[in-house]
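Okay, so subunit A shows up in both of these, paired with subunit B first and subunit C after.
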Partner chain A sequence: MNAIDIHRKLEENAGLLIFGILFVSAIGGLVQILPSIFQETVEPTAETRPYTAAELLGRDIYIREGCSTCHSQQVRPLLAEVIRYEAPAHAGESVYDRPFLWGSKRTGPDLSRVGEKYTDEWQRIHLVNPRAVVPKSIMPAYPWLERRKANSGNDVHLRMKALQRLGHPYTDEEITRAAADVAGMTELDAIVAYLQSLKIDTSVDPSEGGH
Partner chain B sequence: MPFEFWSWWVAILTLTSLFGLGWVTYSAYFSPDRRAKADEEGAQSDTVWDQNLREGGRPAPIWWFWLLLSLLVASVVYLMLYPGLGVFQGALNWSSDHRLANRLMAYEMTFGPKREAVLVKNYSELQADEDLMKIAERLFGEHCAACHGLDARGQANRFPNLTDSEWIWGGTIGDIDKTIREGRTANMAGWADSFSDDELNLMTDLVLEMSRGESVEELPIKPLYDASCAACHEADGTGNPLLGGPDLTNDIHLYGSDRASIKYTIAQGRNGEMPAFKTLLDNTEIKLLVAWITKNRK
Partner chain C sequence: MIFSLIWSILGMAAGVYIALELVIPTIDFGQEWLSYGRLRTLHTNAVIFGFGVTALMGTAFYSVQRTCHVELFSPRLAWFCIIAWQFTVLAGGISLLAGWNAGKEYAELEWPIDILIAVIWVCFGVVFFGTIAKRKVKPIYVSNWFYGALIIVIAMLHIVNSLAIPVTISKSYSLFAGAQDAVVQWWYGHNAVGFLLTGGFLGMLYYFLPKQADRPIWSYRLSIIAFWAFTYSYIWAGPHHLHYNAIPDWVQTLGMVMSIILLAPSWATMVNAVMTVSGAPQKLKTDHSLKFIVLALAFYGLATFEGPMMAIKSVNAVSHFTDWTVGHVHSGALGWNALITFGTFYFLVPRLFNTQLYSKRLADIHFWLAISGTMLYVLSMWGAGISQGLLWLALGDLGELSYGFREIMASMQPYYILRVIAGLVFLSGAVIMIYNFFRTIAGRKTATVQIPAPSTAPQQPVTA
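The block that comes next holds the complex of A and B.
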């Protein structure tokens, strides 16, 4: 028996060939994907918490406006990035991100540690017209955020309920009062709340692995 | 299933695949059957399709074999040196965390002493050093310019000009250092509920008079100013840097110098915030920034 004989058999038997192809192409998945499904789950870091109702709405607006097309949310363990953005990203920081927004391209800066770097007022001015504070900015303006109500679909509690079902530790009380929490908020308020929540988790030792 | 199981799972599948690939490659070139065929002129495979179609039977060029072999060897060498086979860390014990830690250490060794050197110099020495001032300018561009502008002249009628003579929270080196380190929060109350519209207009007139440097002592609204505004802005309007009450006796008004802006400020109040930078910047960086800012102002 050698490879040529096997090859001949496969060539003459389509069913066997299909099975063979499936088997060979499954090997990569068996090595890469299967073990990670069965391994212990990633635990949130000490300071990682589920998003509040306002932050959650802001995050959905961030997704809707395609912010992650130009902004990443992952600090890689490289010297230059750590000097600029502080500690590298940790898997535990992303457990409440569904879907995660790590992104793969930086036309603008990384935003995973942008929280509290600027004041709310700066963020508002900048989102409505980036050129007002950064004259050379190429970021688009988002003036409609100021005019639209964040919870106009009146569904923030449903979004939280869906996440609760997926395992986010929202209490029923938090979900019940969610609509009241964001009453009157504009989309601008919500996305600023979200951006200000993106903070470095100081409880993680940067020399410790996990990213 | 336990961690060890998956570790072995990965290692065994990986090695079996490598072995299998090696065997297929070798066999395709060097099985006795194959070699006999390769020597024949016009060799054909034994398989016949549709009664008379036969496939050519020559093996692939030999350099493909060497290419595949070298890739297999490289894979094995890689898996011996670097992590890949389950929990086996590889002979080099390489990890991205180790690499980062080493580079950070090298970075610290290069720049640590330079940072220390900045801390022992006094401000005028720093300001005389052109290279350090260039570094300070870049620091300003990275951390401060988003609000105060690249030229430090302030922006958007919200963020103060740092090149003029007015310093709401005080302009000494100590004040500026504290402002950067701790941040500042300014709250001016809105007076729309307490003042009538007439009073708002008269008060706006008073502020405009003050900013022209004219005396306001005789104005009928002055007693109301003394009662409501003097606590932060002082009776003579020169302001109180301890409370962040701006000087009203010049024509610098952060939120706009026109009549409408000033009236709005009096009626609705203003909230200003400078974030604290003590966790973002180290002592050296703050010192360089203070030196640069005080060098560039009037």
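The block that comes next holds the complex of A and C.
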């Protein structure tokens, strides 16, 4: 029985064909993903901590508005890139990122080290109307952020509780306090808090590269 | 009964596809600066899930009946799939505009929609494999292997990548975090492209190309080898989206090597298809459907060559994060997916309505608009992408950066204008096609008082 005959069997039996496809296609994924689940648990770097209530809301707004369709958050260990954006990314920095926001397109610059590069005031003006500070900017304006309350869904504690269940080290006290912490904040305040939190982790030896 | 079922399903698939094609680029350009982040997400979801999946579902239902010589396993369930899918894509689109966004590329839809997708997908699988199970010919034809792989693999990818803990109806947190999430996401993202936009459409190719060229597939052996090699190796290539990112080196290298290997099965299929057509060169001059399919094949070859090149780490250092990627995506999306679908529709519409195409000249014009739109799009993005990549990395004599980010951004304007023109050219071609179909269908109603009874006798399958 040659290979073609064997394949005839497969072709004549739908169940075998389904199984064949499933088996063959599953191998690659298993090899690449399982080790990351069972062996190489990534430890947070020394300065990496879960997001505060305000930062978390800001991050969720960043996701909602699709900022990551234009901005990456991942500095690659290439010389020019490190000069432009500073220290390359370390896996330990994103252990509290659900989902990760490394991005795939830089219509705008990388933002993973943008924290404290500008004042809060600059960030606010820029988000409401980028052309006010960067005349040729092609970034969209986000005037509505200023008008909305950050915790308008009244669910910040639920968000933190869900993350706590996933293993983020929030204390119960932090969670109960969360709503009060962000009371009165606008969405703009929250997203600026998030942007300012994106900083170089000085505990990481930069020569270690990306991993 | 069978006939009406099939044409209605396809008519609807075409209708939806038409609606989406018309709507998407207009919104994209009209409001690009207003809320780009949401609209871009809508664009990718609408073309992939709205246009891509609907076309695949419609043609899968059509061709599986012809190749198995039986009616669909459950026409009602098939109807349910098609209609429920339209509803889901619509709801998904609205939810994205409303800001429900899970934040993962091509998997932005939030958990309630993800569940709907999973349910419909299972129904799709039941209809498809149910039909295969009751087939009257023993061997399962090649096109069905690809459609089958599409159904199975996408189900697996979708379910794993969408695992999340819901917080509210519109918000959930991924079960995976950080680097691990990245690997899972691009395992999904790359293979959604692979098994849907490449594999699924190869199923379309394997049925409609031999059918239209009136020639059996050139090499049966080659199609077997290409299919299994494709199914095996595609899955490994995801990490090429994460070169130089904070994931382990061995994963990146594996992704790179497997991406390069992937060139072989991709081109094997192309060779097989080209040799099939070359058996009937005279048809290529006169047949519009075939012309589109063959041009699509050329772009397929281009994109599947470019992809592995971009997966090489040193090339990727330049191309990643730039418009080069966008150019690559669209040489596949416009050149391959859209053109083969157009070709298939030029084949199906006259056949389903039992008539002749209204105007061959318009189809010719569409052909040229489609080529030039795609070429202009790809060229403008190559220009933009390669200059971005090189300028970002350029260093002066003292090791200082040569150009600021904003300076480079501002120099992109001419390329972006070219792309708008490219999009309009491509779109106007599609509008002409729709007009052509509309007249074709309208013409039939007045011309034929008595519709000739369609032959319910199954057609010969095109197996070698």
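Simple rule for what comes next: the second predicted complex is superposed on the first by the 186 of 211 C-alpha atoms of A that agree within 3 Å, B and C clash if a C-alpha of one lies under 4 Å from a C-alpha of the other, contacts with A are read in each partner's own complex, and residues count from 1 in each chain.
Assume contacts are C-beta pairs under 8 Å (C-beta built on N, C-alpha and C of every residue); 3 or more make two chains touch, one makes a residue touch a chain.
These numbers were taken from a predicted model, which means no experiment stands behind them.
Trainee: According to the stated criteria, A:His90 is in contact with first (subunit B), second (subunit C), both, or neither; which is it?
Mentor: second
Trainee: Using the superposition described at the top, determine whether subunit B or subunit C touches more residues of subunit A.
Mentor: C
Trainee: Please indicate which partner A:Ile27 is in contact with in the superposed arrangement: first for subunit B, second for subunit C, both, or neither.
Mentor: Both partners.
Trainee: Looking at the overlay, does A:Val82 come into contact with subunit B only (first), subunit C only (second), both, or neither?
Mentor: Once the two structures are laid over each other on A, A:Val82 reaches subunit B alone.
Trainee: Using the touch definition from the top, say if A:Val134 reaches subunit B (first), subunit C (second), both or neither.
Mentor: In the superposition, A:Val134 touches subunit B and subunit C alike.
Trainee: Report for A:Tyr118: first if it touches subunit B alone, second if subunit C alone, otherwise both or neither.
Mentor: In the superposed model, A:Tyr118 contacts subunit B only, not subunit C.
Trainee: Take the contacts of subunit A with subunit B and those with subunit C, and give the residues found in both.
Mentor: 4, 7-8, 11-12, 27, 31, 40, 77-79, 83, 88, 134, 211
Trainee: Considering only the defined contacts, which subunit A positions touch subunit B in the complex?
Mentor: Per the touch definition, subunit A meets subunit B at residues 2-4, 7-8, 11-12, 27, 30-31, 34-35, 38-40, 77-79, 82-83, 88, 116-122, 125-126, 132-135, 207-209, 211.
Trainee: Flag every residue of subunit B that touches subunit A in the complex, lowest number first.
Mentor: Subunit B reaches subunit A through residues 1, 3, 6, 9-10, 13-14, 17, 23-24, 26-28, 31, 33-34, 45-47, 95-97, 99-101, 103-104, 107, 145-147, 149-150, 155-156, 158-159, 271-275, 280.
Trainee: Which part of subunit A faces subunit C closely enough to touch in the complex?
Mentor: Residues 4, 7-8, 11-12, 14, 17-18, 20-22, 24-29, 31-33, 36-37, 40, 42, 60, 63-70, 72, 74, 76-81, 83-84, 88-91, 93-109, 134, 136-138, 140-141, 153, 155, 158-159, 162-163, 165-166, 210-211 of subunit A touch subunit C in their complex.
Trainee: Along subunit C, where are the residues that touch subunit A in the complex?
Mentor: 33-38, 40-41, 99-105, 129, 132-133, 138-140, 145, 148-149, 152-153, 156, 165-168, 171-185, 187, 195, 221, 224, 228, 231-239, 241-249, 251, 254-255, 258, 317, 320-322, 325-326, 388, 392-395, 399-401, 405-406, 409-410
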